[in-house]
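Listed next: structures, encoded as structure tokens.
In what follows, chain A forms one complex with chain B and a second complex with chain C.
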Partner chain A sequence: MADAVLFEFLHTEMVAELWAPDADPGSGSADRITPQHKAGLSGKKKSWSVLEGLGFRVGQALGERLPRETLAVREELDALKFLCKDLWAAMFQKHMDGLRTNHQGTYVLQDNNFPLLLTMGSGSQYIEEAPKFLAFTCGLLCGALHTLGFRSLVTASVTALPACKFQVVMQKS
Partner chain B sequence: MSRQANRGTESKKMSSELFTLTYGALVTQLCKDYESDEDVNKQLDRMGYNIGVRLIEDFLARSNVGRCHDFRETADVIAKVAFKMYLGITPSITNWSPAGDEFSLILENNPLVDFVELPDSHSSLIYSNLLCGVLRGALEMVQMAVEAKFVQDTLKGDGVTEIRMRFLRRIEDNLPAGEE
Partner chain C sequence: MAVCIAVIAKENYPLYIRSTPTENELKFHYMVHTSLDVVDEKISAMGKALVDQRELYLGLLYPTEDYKVYGYVTNSKVKFVMVVDSSNTALRDNEIRSMFRKLHNSYTDVMCNPFYNPGDRIQSRAFDNMVTSMMIQVC
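The block that comes next holds the complex of A and B.
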């Protein structure tokens, strides 16, 4: 068993390291071209997708390691319930506070006390800083859904800390 | 008494899987971002340091451990209290130098390396180097300058993982933290 604090601090460090636009101190050669550079994305977009990508990989792996029977889930709603209960419990030792849907493939998952924002304070003081602490988790949800066989787009929004909403839009293939 | 009343601040336990997987994803990303393993090692150490300087506060608030009077006591606290609290393992302490300023932490199972195999192309990567940074950063906050480094690693075929700890000096109060 690891301590949850450790994950929180690691997450903070990851954000600090990977969010900075053009984080490239001291790397040897200058002519190296990564896909991100090629795409010519702005620093911000790049940072978001890097963190999201990390989350995605973790979510994929986590989805595989959670209870077997859940892998048989084929109904969208069951998959979302799985995220709200099992995945959230595995990560944050609690359940998601709310799950809403328009029955057309869009779901809104609400957490009134999102642990990664909890220590930042309440209200709107640091609201501009909030998005970078959500990218990883968006990727995580998306990755877990991917393991369950669903393609999705996950975005997050915050109106007042530490509450936040994750919007999951299912992609029809 | 006040300890008992502090239940609310007790931290939550999670399975180490999430932590392990997240760490793995981070190392993967750093290996993409930096060209040489040495740079990745450095970066992991730096991030660990930043974690350590914050983690020590959490540790002191929760563990009821006072100031250590010598390095041996420090070693005990690190292995039996801190590692247990944060990673759920208890490394053993061996190989004291005659002067008592060096010892080794032997980790039989390192939770950071579950599900990990090092590809041949990364032979100089010190996968769990974050731990060294954490140890260094945390101890610096209690006025101890130390050097921590991996000398054995199960990922590299050794039987156990060994972190060598070396006491450099006591940091005087009037020096700003982090000054060399």
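The block that comes next holds the complex of A and C.
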């Protein structure tokens, strides 16, 4: 039972660390001579992509380990169902609350009680802070889909904590 | 018992290939390459048929006079190809299945290794040891 909480703490620390107020872009020497404001902005984008990259790699590994013995994924909808049931259950011990599609490659996954946002209270108080806590999970979904053979673009949105929506757009390669 | 084991990526390039008689390796490489066509055929055939349950184990791909070639595909379209000696007392299907299952588990472990970049050649010692154990079981 303690396992879920360990990941939540680690995730909170990851976000806090990557979003430190003086986020220094680091490796790019050109960034250091730009004004503080610009450096801050590119630092934020970098933090988002670092978190997403982490999630992507984890998603790739999970996409390999989780699907069981049978060749379960035949088409997009099966892959999405796998995400909503198996992946979510393994990561957050619950299923996704809603899956909607426009049948043209866009899917909206809705979670009404997202565990990584639960600790921030409910309502609209921390809406500006919430999206950075979803970066890792966006990467996770993208990585898992990539292992299953689908290229996709995942974005997240929050209207009222702790509910959040992940929008998955399948790319035709 | 296997004389050659190969792991082929989704884009059909080898991630890992090893054979026991170190002379004539090219022959096995060629055999694995030709078996990829059969694997693709089986995968696409399974896709079209209205199957409720698809197997990961593809079974005997094709026999030659000296060797038999077996195939297995994972959910991420990574293929395992195994060439076994025909002269060996016929290996039962179950044994081949269990060998593939061990391969799959080891491959999953390699994937979960944070130092491994998906798409690179597999250089894990644990994977090597597991493959060695499958290849020199006959003495």
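What we mean here is this: the second predicted complex is superposed on the first by the 144 of 173 C-alpha atoms of A that agree within 3 Å, B and C clash if a C-alpha of one lies under 4 Å from a C-alpha of the other, contacts with A are read in each partner's own complex, and residues count from 1 in each chain.
Heads up, the rule we're going with is that a contact is a pair of C-beta atoms (placed from the backbone, for glycine too) under 8 Å apart; a residue touches a chain by one contact, two chains touch by 3 or more.
In this text, all values refer to a predicted model and were calculated from it rather than measured experimentally.
Of the two partner chains placed by superposition, only chain C is touched by A:L148; chain B is not. In the superposition on chain A, contact is made by A:A61 with both chain B and chain C. Once the two complexes are overlaid on the shared chain, A:M91 sits against chain B while remaining clear of chain C.
Between chain B and chain C, B touches the greater number of residues of chain A. Contacts of A:D78 after superposition: neither chain B nor chain C is touched.
With the contact threshold set out at the top, residues 57, 61, 65 of chain A are in contact with chain B in one structure and with chain C in the other.
Against chain A, in their complex, chain C makes its touches with residues 10, 46-47, 53-56, 73-77, 107-108, 111-112, 114, 118. Of all residues in chain A, only 57, 60-61, 63-65, 67, 69-74, 147-149 touch chain C in the complex they form. Interface of chain B with chain A (complex): residues 11-26, 28-29, 32-36, 39, 42-43, 47, 50-51, 54-55, 58, 85-88, 111, 115, 130.
The part of chain A that touches chain B in the complex is made up of residues 1-7, 9-11, 13-14, 16-18, 23-24, 26-29, 32, 34, 50, 53-55, 57-58, 61-62, 65, 90-91, 93.
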